[in-house]
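You will see subunit A twice below: alongside subunit B first, and alongside subunit C after that.
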Partner chain A sequence: MVSLLRNQKVRNALLQVLYVGALAALVLAGVVIARRNLAEQGITSGFDFLYKSTGWDVNFSLLPATANDPYWWFFLIGIINTLFLGTVGLMLATLVGTIVGLARTSSNELARLLGRTYVDIFRNIPLILQVFFWYAVITHLPTPRAAHEAWGMMLTSRGLYVPIPNVGAIAFAAAILAVIAAIALPVWLGRTSRLSQPFGERLGIQLAAAATALATAAVILALGRLPDLPLLDFPALQGLNLKGGLRIPPEFSALAIAIAIYGGSYIAEIVRGGFKSVGKGQMEAALSLGLSPWRVFTLVRLPLALRAMLPILANQYVWLMKATTMGIAVGFTDFFMIVALTINHSGQTLETIGILMAGFLAINLSLAAIFNRINKAIALKGNQLRA
Partner chain B sequence: MEMVVVAPPAPGKVEDLKRRFFATPLQALLSLMSLAIMAFVVWKLLDWAVFSAVFTTSGGPEACQAAAGACWSVIAARWRIILFGLYPFEEQWRSALACVAVVVMTVLSCIPAFWTGRRIALVWGAGTALYYVLMKGGVLGLSYVGEEAWGGLALTLFIFVTTCLIGFPLAVCLALLRRSELPWISRTTALIIDGVRSLPLISILFTFAIVLPFALPQWLVGDKLYRVILGSALFFSAYQAEIVRGGMQGVPAGQEEAAMALGMSYWQRISRILLPQAMRNALPATINQFVISFKETSLVVIVGFFEILASGNAAYGTGEWRFAYVEVYAFIAFIYFIFVFSLSRYGAFLERRMSVGER
Partner chain C sequence: MNPGKASGPAVRIENLDKHYGTFHALRKVNLSVGRGERIVVCGPSGSGKSTVIRCINRLEQHDGGRITVLGTELNDDVANIDGIRREVGMVFQHFNLFPHMTVLENCMIAPMIVRKLPRTEAETTARRYLEKVRIPEQAMKFPGQLSGGQQQRVAIARALCMQPQIMLFDEPTSALDPEMISEVLDVMVTLASDGMTMICVTHEMGFARRVADRVVFMDGGEIVEEAPPEEFFTSCRNDRTRQFLSQILGH
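So, the complex of A and B:
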């Protein structure tokens, strides 16, 4: 027996079995105890509850939701809310971060100081504190009767009311896609190698593509327009409340603002690092080739900086996506809040925690996959390193 | 022939300014824009926070609300709630002392003289024990105060310190297990680390606070505070383990091989050769992780703890100070800022210091 223990191979195998076995036993014991405890409370385990109606409501949803809908539908709503808030937050944070990051790398000392102050202040205050702050600010705005009005928008304690076109939902979504295409097409046309024209002489094609896409958007909007209503639906006071327009609830705007400001300060540092990593010689070489400063920026500095910052940016995006779970602090029904509510109402603890883990794993993995794709597309191709 | 060296004339103040801020029209525009933004924000802030602000409690909330600027009297009236939460009023000096103990402990551990394993363990062990005795009482003539009454800044600091104290050794263990040569040990550990890292901290805190009691036998459930600290420590250690592992990868393989050739045992190799060098490599990232986890202690407010953010909510949320939320949040943000900013400055200083040593 002792000689068997002295054998390296046997010892290694034993160690591994012990380690994995102990962990598995721990998890198993937890599950067994939990099932017994839950059974004592009259909760049967299994995923049948997903098809029962919830009996409670969500305060924010892009899809139609009522208290009669089943749990699986609510989980779906939660995931879509998380993705929606995350995407809006990411876009705003990227916008803020790019501006501040460019200010931080600017040749102007005052602009650098401004950027640095921004980063130092907002990076050092916890996100949840910023969420609470903006939520308090928005909910302390005047009531609808005394709303602040600007450009047809209404700022009230019940949320931000913006004018919305009177068109069907599908037509509206299609029009948004067309507008996005109007921005993306010229960029793609300017970079693709599929066209026969040289890179510098594509302005006409680009403008035509953008105009076509915008015209398509206009046609879609005109066709999808709801009959007998003005084109734009403005919010207006009716009784004690506002009618019409699109209401952006305070929970959503507070989270989006906080994520934009806090995430922006982190992204600014990533942007700065990316630009700092571009060798000075690259820019000097480009300038000496006679490229204009703008082209030096778009053709040399930006692509090289992007390549350096994308992997770090991907991590930051994953982090920001997880930060949407702060929604529970102000009552925004994101995925995590739906999970917490489900545990409260149905008691299906273990299953729900499983769904939570699977959901975040799926979100993280798909984000990682998307960024790996992009990363691969813009990474150094093999032979470029040969000098 | 003698060379005549002509030094360029030293630029005058005006020329210097011109060169730095108004070299080209674009530069001038940028400078003016930045200056305008700065002047506007600084003026508005100063006006709000100082010139038009009310500092005394004498007028009461009504006079304060009428003022155009900040109402700092809410802080003067409620600072004890914000800093100490529901801790018994006469005993709050203990809470304050406990905070001081934690701050002193943190400052001490920033001094390089304390950077040996034994000294740092001694400082942190003594500091935490002192904190615990001061807060909980029941001995040395101090009256007993249960964990449910702890709150405010003291609780924030306690959660942070214990998270690091438990999380750090755990992180080293996880990092060692992950780089184990035995495939199943390293794979399982990698699964745990990556699994924890892919979840948001809030969901882990929630699981430990609310779900875990179902999965534990009665005698193991314990106080919610300690379960939440465990969850937060687990989260910290998953991130820190990757940092430590990165530090270990930076240690040349020759070091460990040399130690092996000298006949050192596994533990000697780890504690004398690998870890000291790995820790040095990982120090900047570690400080960064401390900064992040200090900010993340604020998340325990979601599972119902009365830490500084929740006590701030209570300070303005009840009674006559309902309008003064900006001042309360600004005060809390300022406290966080002091801690986080000094920690991250310290991290930047360390990074510079160490990169000098590298050359």
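So, the complex of A and C:
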């Protein structure tokens, strides 16, 4: 018996059993206590409330929403709002981060100084203060009567109004997917080894694929067009307010700008680190072969730097995605705010928090999974010698 | 600009000066390398030997004197620099292969982009030179999957694919395990017997004895001694040369 306990494998198995048992007991205890407390307060648990109508409205939605819609529809709106804010925020942050990061690695002293100042300032101010700052700036823009106008867009204290096509929601989404395909397909065709054509001789196929996808998008838009309306819906002043177009509320803009600027300062450091990690030797070798500095950058420096950046970048993206929950501070109806409102109105705290956590887990795990796949696909093969 | 058509020496270095901050790396270096000539440059570490050959293809910028490569003066003119780099291949101590490309792609990229060769032709050339360095079977592998000796031979093939007129070697065997040195030196000997103009910074004195037309000894940023190998190894005049040789040949 004693000797059995000294066996390493037996010990490990025993520890595993104890660990799983303790975890199960903890979860069970939590459920039992929650049920008893809920029963005492007279709250029925369960997900039936999802099918009841909310009775309240959201201030921003890409999908049609009224107070008669059920809770599950509002959760969907919340998730889509969060994804929309996250996508716009991450893309802008990446753009800002790339520019500032490149400035920080540049040989130009002034660019380096500007980059450093940017990072030092915006990385060290809490995100929530930056959100409030941009919100204050935007809500102090001129009224709709004195709106700034450019390319059919109108910038006012009530938000940014942009023209939208008069097209059904589903057709519009399908058209966007087709446009994305028009960009992604040629890239994929240029890299895949499933085609018999050699690399570099695929321009025809790539152009054909892009043209087909764009034509599909045009057909979808034409078919999904709402009858008796002009193709584009421009915002216009009507009384004291603007009508028409899509209103991007100040809450959204403030959050997107704050995430872009704050996130950009972190991404700038990741970009800088990525470029610094590329060995000088590889670049010298490329130069010595007669490649131009631009080719050295696109063929050697950038691809190698990207490989160093991606894992850290994925981390940062997941972090910024979670930062979209700042929306509640300025009243943007993101997923978190919808959940908070639901708790206030329905009292189904545990269920809604569960949905919130599951939603964010799903978003961020998908993001991580995508990045892991990219990482694996482009990982350098074999052992790397650092010189 | 068309380097290579003019006659005269392959490389002419006159009164070359180079500073790193306050450190005087090269002091009035003079060296002329004829076409088809094989030069071995040796000397203690910090003597400026790598700096000299890195100046020849402008990986380092000289701040005094003149460098003429294949009749073209190396100055701030970008067209001259590009033209010279096209005709001058370089092999580095740490191979410096592109780790994200296969061996074949490493060899094809520059001919396709710089020489504008069509892909099929670039691939034929690349496979021919991989054959020459005796690793045709590794073409589809990535550099990280090869041994040091194999990587260095790929690096030589990559430089040769540009069909340069001059090859620079910067301590090509210094980062290799002892058993891999000879496979790289063998390739270099073959190259020398094909009549390539070569400037090699190396401490492989056996190689110097076998293929060099001239051995150049550098110390403190100066060329101290310059002689054919048999004369260099048997009757060198300078104390510093003698001391250096006794240190590296002593065992």
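Quick note on the criterion: the second predicted complex is superposed on the first by the 264 of 387 C-alpha atoms of A that agree within 3 Å, B and C clash if a C-alpha of one lies under 4 Å from a C-alpha of the other, contacts with A are read in each partner's own complex, and residues count from 1 in each chain.
Definition applied: a contact is a pair of C-beta atoms (placed from the backbone, for glycine too) under 8 Å apart; a residue touches a chain by one contact, two chains touch by 3 or more.
This structure is a prediction, so every number in the text was calculated from the model and none was measured.
When both complexes are overlaid on chain A, the residue A:Trp188 reaches neither subunit B nor subunit C. Contacts of A:Trp56 after superposition: neither subunit B nor subunit C is touched. Shared-chain residue A:Leu291: touches subunit C; no touch with subunit B. Judged by the touch definition given at the top, the superposed model places A:Val137 against subunit B, while subunit C stays out of reach. Of the two partner chains, subunit C is the only one touched by A:Ile378; subunit B is not. By the touch criterion defined above, A:Gly279 lies against subunit C but remains apart from subunit B after alignment on the C-alpha atoms of chain A.
Contacts of A:Phe47 after superposition on the shared chain: neither subunit B nor subunit C is touched. In the superposition on chain A, contact of A:Lys322 is made with subunit B only, not with subunit C. When the two complexes are superposed, the chain touching more residues of subunit A, out of subunit B and subunit C, is B.
Common to the subunit B-facing and subunit C-facing surfaces of subunit A is no residue whatsoever. Taken in their complex, subunit B has these residues touching subunit A: 20-21, 27, 30-31, 34-35, 37-38, 177, 182-185, 188, 192, 195, 198-203, 206-207, 210-211, 214-217, 295-296, 298-299, 301-302, 309, 313, 323, 325-326, 329, 332-333, 336-337, 340-341, 344. Contacts from subunit C toward subunit A in the complex involve residues 57, 59, 82, 85-86, 88-90, 92-100, 109-110, 112-114, 119-120, 141-146, 148, 151, 155, 158-159, 162, 175.
For subunit A in complex with subunit B, the residues that touch the partner chain are 12, 15-17, 19-20, 23, 30-31, 33-34, 37-38, 103, 106-111, 113-114, 120-121, 124-129, 132-133, 136-137, 140, 322-323, 325-326, 328-329, 336, 339-340, 343, 349, 353, 356-357, 360-361, 364.
Every residue of subunit A that touches subunit C in the complex is listed here, in rising order: 198-201, 279, 281-282, 284-292, 295, 299-300, 303-304, 307, 378, 380-385, 387.
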